[in-house]
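Letters A, B, C, D and E name the chains as they come in the text, with residue numbers starting at 1 for each one.
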Amino acid sequence: MDLDTLLSFDWGAMAPEFIILGTATLLSVIDLFMKKETSRKPIAWLTGAGVISALVSVLMQLDHKVTSILFDTYRLDSFSVAFKILMLLGTGLVLVLAASYKKDDIEENRGEFYYLLLTALLGAMMMASSADLITLFVGLELLSLSSYIMAGLEKRDKRSNESAFKYVVSGGIATAITLFGMSYVFGLTGETNLFLIAQNMQDPEILKHGFLLVFAFFITFAGLTFKIAAAPLHMWAPDVYEGAPVPVTAFLSVVSKTAGFVIMLRLIIITFIAAAGIKGDSLLLQVQPYVMVLAAVTMIIGNVTALKQRNIKRMFAYSSISQAGYILVPFVSNSSLMFELIWFYLLAYLFMNIGAFTIIQVLTTQAKSNDISVFRSLFKRSPWLAVPMTIFLLSLAGIPVTAGFVGKFGIFMGALGGQPAHYWLAGVMMVGTLISYVYYFNVMAVMFFRDGEEAKISVPPGLAVVLAFCAVSTVILGIMPELALNFFYGNFDINEFFMRIEDIADHVH
Amino acid sequence: MSSVPLTAYLMLALILFCIGLFGALTKRNAVIVLISIELMLNAVNINLVAFAKYSLFPGLKGQIFALFTITVAAAEAAVGLAILIALYRNRQTVNVDEMDTMKR
Amino acid sequence: MTGEMIAFFLLALTAIAGGVLLINLTNVVHMVVALIFTFLAIAGIYITLSAEFVGVVQVLIYSGAITILMLFGIMLTKHQEQEKKTPRLKVWLTALTIGLFFLIMYGKIKDLNFGQQNVELHVDNTKKIGVELYSHYVIPFELTSVLLLVALIGAIILAKRDADDEKGAKK
Amino acid sequence: MLQMSWLIPLFPLLSFILLLLFRKSVKESTAWIGVLLTWLSLVLSIGVFLAVWHGGGIKVEGTWFQLGKKMITMGYEVNPLNALMLVIVSLVSFLVHIYSKGYMHGDERFPVFFAYLGLFSFAMLGLVLSPNLLQLYMFWELVGLGSFLLIGFYYFKPEAKAAAKKAFIMTRIGDVGLFIGMVLLFWQAGSFEYDEIFASIKNGEIAQNMLTLTAVCIFVGAVGKSGQLPLHTWLPDAMEGPTPVSALIHAATMVAAGVYLVATMYPLFQASHTALTIVAVVGGVTAIFAASVGLMQKDIKRVLAYSTVSQLGYMMLSLGASGYVAGVFHLTTHAFFKALLFLAAGSVIHAVHTQNIEEMGGLWKKLKLTGPLFLIGALAISGVPLLSGFFSKDEILASTYADGKYGLFWLAVIAAFMTAFYMFRLFFLVFTGEPRSTEHSNVKNVHESPSVMTFPMIVLGLLAIVAGYVNTSWFGTFLTDYLAQGPVDLSHAEHHTPVWIPFVATGVALLGILLAYLIYQKKTISRDWLTRVLPSLSDAVYNKWYVDEGYDQTVVKGTRGLSKLGVLFDRYVVEGLVSAVTASVRSLSKFGSRMQDGQVQSYGTFAIFGIVLLLLIVALTGGYFS
Amino acid sequence: MNTWLLTILIFSPLLGVLVLLFIPSSDEKSIKTIGVLGTLFVLGTALVTLSAFDIKGSDLQLTETYRWISYEVFQSKGEVSYPILYEVGINGLSMVLILLTAVVSLLAAIASFSIKQNWKSYFILFFILEVGMLGVFASQNLFLFFIFFELTLIPMFFLIGRWGYLEKEKAAYSFLIYNGIGSAILLIVFVVLFMKTGTMNFDRLAETLALPQAQLDQMFITKSFKMGMLIALLIAFAVKLPVAPLHSWMVRVHVQAPPAIVMIHSGILLKIGAYGLIRFGAGMFPKEFHSLAFVIGLFGVINLLYGAFIAINQTDFKRVLAYSSVSHMGIVLIGLAALNDAGVTGAVFQVVSHGLISALLFFLVGALYERSGTSELKAFGGLAKNMPILAGVLLAGGLASLGLPGMSGFISEFMAFLGLFHKMPILAAVGTLGLILTAVYVLRAVMAITFGSENEQQSGYPDLSSAERIPAFVLLTVILFIGIYPAWLSDMLRPALDAILLGLGG
């Protein structure tokens, strides 16, 4: 195909990605020419500007018609927009954390920190807005690589190095596994476009190899569980979360996780939606119980192991593992509400988790310790930290009048709404939630009941803003989830997710 | 005409994948671990290229996929090594089993 | 027994042999060297699969860049190239698991044959790949460039000695 | 007059409230408030009685609350029986109020005492006025409360505390019986109203065995309150209360409530022969049992208490032997002479500050009034002719005989003999012979009680003499005719008594007195011949046939054991399970964190293992090998 | 005005919170005053509601309905499925319980004067707790009910864990976990019902579930499913009530929590369990409830006797009262099991009366603890001498709780047993044993404190202060009033109960 066909694509659809890419490259250049000593604040502001403008451009795409560039190697539809919003929001908040993250040995790499954040974001966004195996894979890797580096940014901190290394090794293995699975998916269908793959899977020849397909599914799926930190590839999370700088941890636990779910939905659902499994019946239905077991195991491992943690960051790592388990539930309970439920929960999770990590950052950096005791008598020392923290914890525990509750409620609707209703899964989730009460409330107990620790706490203005924002939205979404849901229903039509649209390239061929 | 069957290639890929995996999971030296991961990725590439030729729907896509994989693998290797060096600078060791300050 | 067959078997043998050596050798440098053979053999296999370009790239990047990189890594971190043995039990468990994995997969790929359609992948393979890359796959291609940039920067900032360390070195 | 009868119980209630509120301000003058108010209710009840005597009667009811379709009602009713009771209760209560003025003089909780008296009188009168079982039950319990409070009036005395608790719980056991009977009746007859219940009994709407069951249940209630076997043990202990209380509650009124209950529900009992027999047997056995215990007690009040139990047994016996009138008759007379005896005893105790008869003696000359009055009481209760007790007891014996319950008849006769004996044993030991003074009692210089105390005794004394003449074969059976107006039909109560019965009764009574005289006055027979002849028997009698000990060993210990068992179960099984669960979760979490050993490679191994496991399961469940 | 009345009532305690926010946390006096005034305001609003409430009216009143949350199924865009509404409304039953809540909360607020520290946060939590309780009784759909139900958990956790006695945190946790289990089961049941029927409104649910089986089968609602749901509900509320053997948390809370909070807890929070049983168990699954009646009755009797037997052997007055609560909750079950006017009315009466009585008794325990720093029985004796009023009220409370006629306890026991005797005489007869045991342990405990010879170190204690007399006397008066004139309560309840009984066909 010639140049003008190439140019004739609606490249405007990629505006957000271009903005991020542009900012990233620009910053790398600026950073290069900036003197070592000069503060990197302007870069922070620029990054913020980039993220915000990208967010704006995404919002402007709200009622953009479904667009496909070059056989869906780039694809703009409600799904991508919906989740890109989450990613940009999350990154924006994490950015503030990063900007006010005071640790001297991160200073000389601050600039890199910012634009690595952007490249990671770019990767995530590509994962959200592509329906092509290769693009998804590259996006995934872009995200991963950037995160590896960010995790290791505190070069002089042994923990940071170690976490980065563990991350890169597990990540490498995960990538290999994912690719191995993908290679079969690709091999059997000979296509990289997900829709075409789905098409080719109808081929009678393929049906003969149902088993291989199922294996391919599981291997790919297992590989992807790495990103969302769910069983079986979840064990890296605690160590990496503990070692990485707090903003990075926040990023991993929110944006990266979101991306993980996005690629799962995209890849798994579209690819296998029409695939026949072992005995000819639908593959997705067939694998459901096994994935459910994975979800259940994830919840149990996460919650149970979190009980023993004294290190707050580790505790939150386990908590985020269990949360991944929860979010897997709507994914497998093939409920008709899947997308909004996952979206809403991720939104809620974004607010509560980043909020919590903000406070953790404040306390741990000040106390130079990650032990849970940094929360001692927080209520006395500064109620304005204790109260939001309580809100976040309650939300994470799924107590009413918080976003977390509505999210969990929705997940239950998903799990129990389907036919048949998955009582046992709901049961496991409930048990998990109960166990989680213990460690979430333990933090509260430390904040309210334990005394000692008199040091006053200073909160940087930026963090204060993030805190307020997260806390308020957590409560608002808890009281009026209609806001978010209406936004979702008003702007996104999930049917777009399933329809392949022919683009110019098809006609050229 | 008799040619090498697809299975043979897949088998080879599988074997190499397993070897790579085994290396990545058991070798002590961090460098070897990284390189074993590379081996795994290579195995995947064999799959892709083989499928490109012998699948139901043959085509170049497989080879291109393989190219992307190679590139990514290279980048990963580089970053991995860089991290390793940073770690080595602080810890004076490249033994994977000594990197367990964070546990439980 | 066509020449292709023979070629394949030799190459496959070399590849696997290299892998086995990687596992069994004790000297780190030797391991890497052994692996070079594997990579080269794989490159050969690509050629037999009428993917010359990929084959060449393989030679360049793996047998060239990556292995050298790794050797550098070993040199930089050199203090004992003797690889310590990991505890037996753990090794065996891992081996067992992986063996199981192998068997399961084996059972399903051993009869995976679609025969051969007549497609000339080898006919100006490189040109076609180029065209595809720059048209169909231009987006991931560009994305890859970003990825490489990131890798570059990352590698630098992580690996480079810090200013104050150098000062310390000078003193 | 009848319309105002609802006021009768309210006066005492008023006194209760007033005294409780103003106990600080008004000191001992409170007594007069109580006396005045009880006097009012006495006047009223006499008026009501007269009205009923002239064939009046009234029943007023209003809805208390509504249960679905059914109306639960409250109100008041006056019929011959309870009109009579009204008089008795309010009279005795009035007298006791006066008496207490003197007896409780100087007690720091003087007002509270009168308040409690008021509460009790209110409850008792309310009980009597109740037109339905539910209301009766409620007052029944309140009466129990009053008794509980008054027994425990000396709250600091451990014995009083124990006695009060015992009284409440023992009676509560009976009450539960009544409760069950009442509820069952409700579902049978569809109402708590006496007349509706009687109606449905008459129409045979209730199965025979159900009749028996309910009757027995209700009788259990009566047993509890009237201290019949086997629930009698609380009554003697109840003597820990102040003596006026014993006179009012544990002689004249509350304990008679059991009898009153059976009398009120008489149609029910009549409908079931079994129930009647049970009543009779329990009554008869109690009569002789208690009398036998009374023979050897040393505490003056305890002797009287056991005599009360035995007399109540008489009443039950007669009711059981379809001697309705006789029962009520004896109730009436007994109320007077037993109250008299208690007050007299009280005045003695007041004088000598001891209750142990071994430490008294020779008081006849010192207590010029109390002595004779006590004698009157003793004669009356022993059934010496021409005194009230004689007539009523005679009636009972007659009706028992007429009903063909000969065994019980002879029991009763023997009991009568014993009664005479122990009463006069008491009399002789207390009033005659030499003063046996000890360190903590001065029998030397004692004085007659003040007039506030003697006056009531005199009144009662007169009544104890004359009360018998309301129903005699010689001067006419006023009481029978009067009661015949009531709901109970006494048609078959016309029995011809064998002429010899009165003589037998008189005979045994005199015999008993003679024996007591010989032993305690003349000393011709040594006091402890029984102890020598039959030591085991005498011990048994002295220790009240070991009933209390028996209960301690069985019921009390049993309950304690069960509750201990419960506690253990609660601590080890229930709590144990919980802690087991938590422990398992903890160990699980320990295991989980041990998995997390910081080795990135073992994480990888874990992951691969997981995947392989998954694939294996899929393979196995998916028919991989087929 | 009336259209908003209920919402105003539910959230009226927040006014107190609002005011408190502007009071310096050191200003003890005014904080406590605000606390009392706030609850007083709530009581006032409740009374206004009562005046607006038509006692005779059988159906729901003062209802409010607003659209709240709605999920759309994506196949059918635009059309709302699974709407979750904000629905409140009250019938006689809820009205009574709301009044109870308002009164007990006020008295508890007065009793809270003994709180030693952090009055501000204490009262803020206190008010939030009250919102939760009011909401539970006023809400008309499962979602709202659940939210308020959970809302009571959190403040309780802190109130117990912060202001309790020595083992407060353990108590707080066991409270949290046990009730967590309860609410977890509840949530599952609610969601399942919601997803099957598409509505959360109580009445609509009841109607739907009452449909002929054929129609229900299309909704995948089988008989066994309904039975399962009911059993799950029973378990959930059995935790709250609590029914043995799920009671250990409640004992712990009663012993460890500050008296004022225990007043609320055993006075109202336990009653949520009973309310739920009546409203959901009997209200929505009448047939199944019928078939389970015997089991429920059996558990009732077991509870009654179990609690009583253990109470006999306790040495700590708090524990005695805790187990007596277990025992008394058995009577609620007994009444429900009877499934007739008498029984159900009795159950509700028991709910109210036990609420008042236990509030009174725990208040007195608090007063005693204030003076002596212990609640061990053997530490007391002969209180009647120096503290005649306290002793008197204590005795009265004890008598009330052992069901003395003329006090509210009697009415409920009487009616509950009256009901059960109609259905299962044998069981009921066994149950009456409980009446005796109750007398035994109550007298044992009360007389140990008030009777006997006083030990000297308590001779110094002052009698109830005038501030303390208010709650004591108010409660005692109400108890007596209900005992003497139960009609006003039963009249208010009858329409609501008739509706339920109609469903039960009892």
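What we mean here is this: a contact is a pair of C-beta atoms (placed from the backbone, for glycine too) under 8 Å apart; a residue touches a chain by one contact, two chains touch by 3 or more.
Fair warning: this is a prediction, and the values are worked out from it, not measured in the lab.
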(request) Give the chains in contact with both chain D and chain E, ordered by label. (result) A
(request) Indicate the lowest number of steps between chain C and chain E, counting one step per move to a touching chain. (result) 2
(message) As a test of whether you follow the contact definition, which chain pair has the most C-beta contact pairs?
(response) B-C
(request) Compare the CA centroid of chain B with every other chain's and tell me the farthest one. (result) D
(request) Grab the C-alpha centre of each chain and report whichever is closest to the global C-alpha centre. (result) E
(message) Among the chains here, which has the CA centroid at the largest distance from chain A's centroid?
(response) D
(request) Round to the nearest whole Å and give the separation of the Cα centres of chain B and chain C. (result) 6
(message) Please tell me the distance, in whole Å, between the geometric centres of chain C and chain D computed from their C-alpha atoms.
(response) 102
(message) Averaging over Cα atoms per chain, report the distance between chain A and chain B in Å.
(response) 25
(request) Provide the C-alpha centroid distance between chain A and chain E, rounded to the nearest whole angstrom. (result) 44
(message) By the touch rule stated above, which residues of chain C touch at least two different other chains?
(response) 90, 94, 98, 101, 104-105, 109, 112, 114, 137, 140, 144, 147, 150-151, 154, 158
(request) Hunt down the residues of chain B that sit against at least two other chains at once, touch-wise. (result) 20-21, 24-26, 30, 33-34, 50, 52, 55-56, 58-59, 61, 64, 68, 72, 75-76, 79, 83-84, 86, 89, 96-97, 99, 101-104
(request) Would you give the residues of chain E that are in contact with at least 2 other chains, written as numbers and ranges? (result) none
(message) Per the touch rule above, enumerate the chain pairs that touch, sorted by label.
(response) A-B, A-C, A-D, A-E, B-C, B-D, C-D, D-E
(request) Within their complex, state which residues of chain A touch chain D. (result) 165-166, 169-170, 173-174, 177, 211, 214-215, 218-219, 222, 231-233, 235-236, 238-239, 278-279, 286-287, 290, 294, 301, 304-309, 435
(request) Spell out the part of chain B that touches chain A in their complex, as residue ranges. (result) 13, 17, 20-21, 24, 30, 33-34, 37, 40-41, 43-44, 47-48, 50-52, 55-59, 61-62, 64-65, 68-69, 72, 75-76, 79-80, 83-84, 86-87, 89-91, 96, 99, 101-104
(message) Considering only the defined contacts, which chain A positions touch chain B in the complex?
(response) 133-134, 137-138, 141, 144-145, 148-149, 152, 155-159, 161-166, 168-169, 171-173, 175-176, 179-180, 182-184, 186-192, 200, 203, 205-206, 238-239, 242-243, 308, 314
(request) Spell out the part of chain D that touches chain C in their complex, as residue ranges. (result) 602, 605, 608-609, 611-612, 615-616, 619, 624
(request) Would you pull the chain B residues touching chain D in the complex into a rising list? (result) 21, 24-26, 33, 96-97, 99-104
